[in-house]
Each structure stands twice: as C-alpha cells, then as structure tokens.
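Two complexes follow with subunit A in common, the first pairing it with subunit B and the second with subunit C.
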Partner chain A sequence: MKNDDLVICRCEEVTQADIKEVISQGVTRMNEVKRLTRAGMGLCQGKTCGRLVTGILARETNQPLQELKPPTSRPPTRVLPLGILSRTTQDDD
Partner chain B sequence: MMAKKFDVGVIGGGIIGCAVAYYLSRSGTSVVLFEKNHICSGASSANQGGLAIQVFDLKTIPLALASAELYRGLSDELGYDIEYHENGSILVTRDAYQVPVLRRRYDELKGMGLDVDLWDDDQLRRFPCGDTEPFLSVIESHFDGQVNPFRSTYGFAFAAKRQGVRILTNASVAQIKTVKRRIHSVVLEKGEEFVCGNVVCAAGPWSRQIGQMVGLDIPVEPQRGQIIVTEQVADSEYPYILDGDYLTTAYGIKPEGEDEAARIRHALGIGGSYAQDPAGNWTIGSSRDMAGFVRTNSPDVLKGMARHLLSFFPGMKDINCIRFFAGFRPYCVKDGHPILGRAPDLSGFYIATGHAGEGIALAPATGKLIAEEITIGKTSLPMENFRYERFVAPH
Partner chain C sequence: MRIEDHPILGKAERGKRITLNVDGEAVAAFEGENIAAALIASGRRVFRYTAKRMEPRGVFCASGRCTDCVMIVDGQPDVRTCVTPARDSMVIQTQVSRREGEATHDLEKEKD
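Up next is the complex of A and B:
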C-alpha cells in the first residue's frame, strides 16, 4: 500500500497518510491511533479497517503484528436504535 | 546505577498531569511524567469533553472561566487542533419543581456577570420538541463549550515533550521516598529511581494509592460514569443540552412527585447530558455510581439513559447507538470538589485531583496554577477553596 491517499477507515474517511502522521508523533498503540485519527470509531466500529490499521502501525513502528493489542472493543456488537435500547426488557413491551 | 534527577515528577498521564507538565516546562523546570498505562488511558478518555460551566458549583466557576480563557488560545499555543468550540449550552426542564431552581441559578450566573439568558415563553414554544410539551424553563449559556478530550490531553503531552519533559509510559510508581518529611525520589515498579524534590499527584481516581505511599489520605474514589455514543447525524443548533437534574443534584434538592421514571433515574444516578461532537456523533450521558474499578456498562443504566433522552427528544428513537463505554471520575468523597495545591506537612508534595466530572473543563487552569505554586510559590487565582487543609481544619 504505497498510496497515502488511500482511505483506510471508510466510516470516518481516514487515509493512510492520517494514520502515518499520528504514528510519526510518537504513538505506538492501536487505542491511541484510534483515538487520535478516529479510524475505527464509525458505524462499523473498526470491523472493516481494524486489520489494515494494525498492519500500518506494525510496519511503521517495527512492532511484530501479533504483539499489537487490538483497540478496546465495545458493545453493542451491532448498531442498536435508541428506541430499542430504551425498551430492552420484556416486561416493558 | 545513578538515579536520574529532575525538579518535578508528575504522577499521571491524564489531562491534569499532562497540563501540569506542560505549564511547568514553559518555565524551564525539568519534569519527568510517570504514566502507568498510556497517555489519556483513564478518566480523560471516558467523558463527553464538555465545559458545562453553567451547572458548576459557584466556587468552581472562576477556575472554569480561567480554563475556558486558556482553551481559547490553546490550539495555536500547542500547535495542535484540540477542537475547542464555544457553542454554549442549554439547561432544560419539564419538571415544575425545578423551575424556581433554574431561576435561582440564572440569577446567580447573571450576578457573576455571565452571558446567560432565561428563555421567555415565545422562545420555549419555538424550540422543536416533537410531539411533547414545550420545556417549562431553559437557561441558555453562551460561554459553555466543548473540546476533544483526547486531542487536548495529547496536545499537552506532545508540547510538553517538545519542551523537554520526559514522558514515561508503562511506568507504574512503586514508592515515593521521603527524607525528614521532604520528597526525595520516585521509584518505579521496574526498579528505576528518579530523584526529584517535588512530586505532583495527578493520578485521578488512583490518587488514594499514591497518597498512601507518603502517608497522606487523599479522599478520592472512582465514581463510574456510563456513556452511549450514537451514529453521526445532522448538526443540531444546540449541540450541548443538560437537564435540570444536574442542578437539583448540585443543590441537594430531592426530586418531587411519585413518578416511577424519576425514582429509577434517581436510584441509578442518571442526569441528562447530551453533547454532539464536531463529527456529528451524540454522546449521551450521564450516570453516577460507586462501583469500585469495574469499568463495564450496566444494561439498566444504558436503558434508563436512553429512556430519559427520549422523554425529552422522542424524535431521536431511530438514531443508532454505535458504542457504549464506562469510565471513572476521580470523586472526592468528602465534598465532591477538586483537591489542589501543596500538601500540608510534606514538603514538595502537590495534589491535583478530585475533579470529578469536571477534569477536562478545569485542566488548563489546574495545570497553570499548580505550575505557578511550584515555581513561584503563589498563584494567579485564589486556591483556598480547593486546598487539602479543608479536611483538616474546616472553616
């Protein structure tokens, strides 16, 4: 992936250049890359871009891929409308 | 191995520790910062990034206004966009018993010369509430703001580093050595020792453990808060909305009526705080409970917060939640207020914690004042209300 204009996180429109820029500022963890670029913070919560971002971070910081902890994964596993969340037990329906 | 020498050791790499390190480094002080995890990994990473100054305790407002003033110039000063926006906020209520409370708050804020409005009937009617009744009262603050908490914390950290601060992550403090009630050095779990005559405890909810290392009881416990993040939606004219429960809680006024929903809300510590960030995501808070260091979400609180939001804005029912998270406010169990400044009877030990839900809002002023106290021995704002001495000799 030589092209820095390449969009890595489609939900948040984060390019490879954006990710490389925060890495050049000295961050070394997936959680930090996520928080400073917003890559993985969108509708799919990093399901699409997670592996790509990990690859870029491993390459740019010379860390072994398997040693990079994934960013904290948070519920819900699928998007959930507020109206449904507000009625999540049976006795309310 | 020779111990390394610094003027000041800062414990904690959240926004408070990074701000303290940054303002210290501006005065040429040599600083080392110890963070047990990574920068912005505790309370600073789990909040709404709000400066809801209009609901702050009156004694804290001058500190918050000083912070807002610093935030205004901070993106330029740090050379890093911290996304500070002074969009204001509205405090709304549909509970009759809260109407006089809002009126009282409005009078107090006006009395301090602040830029606030109490909406008239016409303004209340014009606000789009969907199918629900108009609000009974609204205070609009024009000076409240929002800031990106990650970018602010890293902005301080990056600038501090450029100015020579040594930032150590994965660096848990094991021991603080004292000699004749003076701070001597900090020893890490890894065994490394740093000689520094001054130590700042900016460890947020973990401050009590740090205080214990020097025989000082810092009465701070983790107060859990939970937040729902929604998908991005169109920009709202009012990106920061708070409900009257905030004020009634602050004034210690019990909710009135036998409303089941209100009782549940009260039991779960839910008070509405809704903030839309520049990307368009809403963060939906807030909740308060003491659950130790259990950083998980509880379904009853998430449901209660969603319900409370929809009682105000039913039109948001189809907006998707994409993320839930929880975090710990550093909560002073004695009075809920920050603990700032030098410790009594322990030369060189400074406290900067207990900001509860106001750490992001108060960070720049806290950093500046603590740096002033360490370097010149006096501060540009009075700190008497926040000193540790208030627990020792109440005034």
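Up next is the complex of A and C:
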C-alpha cells in the first residue's frame, strides 16, 4: 500500500494506514473517522489534515467529495488559555 | 539566514537587537520578528518533539495554522512561534508533548 505510512494528521500523528483501517471496519462519515482515529482533534483542530482526511474517506468509500459533511466544529476555533475564558465570565457577572 | 531585500516586500526593517534564551543558550534576534524566524536564522530546525513517536518537528505552515512550531515560551506551552513576536530575554524551551500524565513536559525534565 503506497504512502500508507504518511502522517496525515500531524498534531495527533495519525497515518493514512490508521485512517484506512477504520474505514475498512465500516466507517463512512467524517465524524466517525475523527472519533476513532483522533485525526483533527489536536492543537490545530483539523486545519491541516481536514481536506486530506475527507479525500481519503471519499476515495476509499466511493462517496462524492461534496456529499461528505465535515466533522462537528465547536468553539473556540483556536487554542486559548483557560484563563481568558474565566476572565470573560467574571466580567459578565 | 535572513532575507535582507525581498523582491516584493522591499528592504527589511529590523527592530533593535535582542537576545533570547533558547534551552539555556543565548540566541540573537531582532525585536518584533517572529520567534521562529530568529530560531531558523540561528540554525535551529527542531522546535519540539511529538507525543506518540517522539519525532522532531519545526516550522511547517509558517502562518499560525498548523501548530507544528509550538514551543514553551516564558513557561507557557503550545505557543505558536511562527506568529509570536520576539521580545528581549524571552525564555524559550523545546517542547515535548506526551499523551499520558501531564500534557506537556519540558525537555530537561524528560531527560531525567
């Protein structure tokens, strides 16, 4: 299998082989790939690997790329020290 | 190596000369340039080691997105050095991330 040792998600160190493995177990959605492999759950939150993972899933499962929904996004969109959020709460009170 | 005269951006405007403390060594920098630029100019390529495989990482996207260049800056881990301006006497450490236990260890503790 060519390039299967390539690191796809750099933050969580998930390889193409890791992603293909969960797909071979029946995974068909981005959220499932994310939760099983942790691809996209690291510091950068999938900014780097998101498109690559989508491409692999589409190719391996013969789904059209545009029909694959991205995994659920939740705020904050970038890494924040918790202190910033706690200060905001205090200001609101 | 630094680009002194960029074909589009023109001549570089440098801040004053400052010194960073990088893993205990003095590294020359210009105030306001990003930390990563100073480290690359000083010949450093390894900024951190990964959690799973302990592989070296450095600058990848150089635009603040990928978080490959994060280091411990003045005690705070996960600081993106490619978008963080250098200030005099900053203490910068190679970051070693680990999955179990604490999220982040500094390299010196890791060696013990």
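In this section, the second predicted complex is superposed on the first by the 86 of 93 C-alpha atoms of A that agree within 3 Å, B and C clash if a C-alpha of one lies under 4 Å from a C-alpha of the other, contacts with A are read in each partner's own complex, and residues count from 1 in each chain.
Convention: a residue touches a chain if its C-beta (ideal position, glycine included) is under 8 Å from a C-beta of that chain, and two chains touch if they have at least 3 such contacts.
These figures come from a predicted structure and were not determined experimentally.
Using the contact criterion defined above for the overlaid structures, shared-chain residue A:L6 touches neither subunit B nor subunit C, since it reaches no partner.
After overlaying the two complexes on the shared chain, residue contacts for A:K47 are found with subunit C alone; subunit B is out of touch.
Ranked by how many residues of subunit A each touches, subunit B and subunit C are led by B. Touch criterion met: A:G26 reaches subunit B, while subunit C stays clear of it. Contacts of A:P81 after superposition: both subunit B and subunit C are touched. Touch criterion not met for A:L65: it reaches neither subunit B nor subunit C.
In the superposition on chain A, A:A17 contacts neither subunit B nor subunit C. Common to the subunit B-facing and subunit C-facing surfaces of subunit A are residues 12, 42-43, 79, 81.
Interface residues of subunit A facing subunit B in the complex, by the touch rule stated above, are 12, 25-27, 29, 31-32, 35-36, 38, 41-43, 45, 74-76, 79-83, 85-89. Residue ranges on subunit B touching subunit A, taken from their complex, read 38-41, 45, 150-151, 154, 158, 161, 228, 230-232, 279, 284, 297, 299, 302-303, 306-307, 309-310, 316-325. Within the complex, the subunit C residues that touch subunit A are 50-53, 55, 57, 60-61, 65-68, 70, 76, 78.
Residues of subunit A touching subunit C in their complex: 10-13, 42-44, 47-48, 79, 81.
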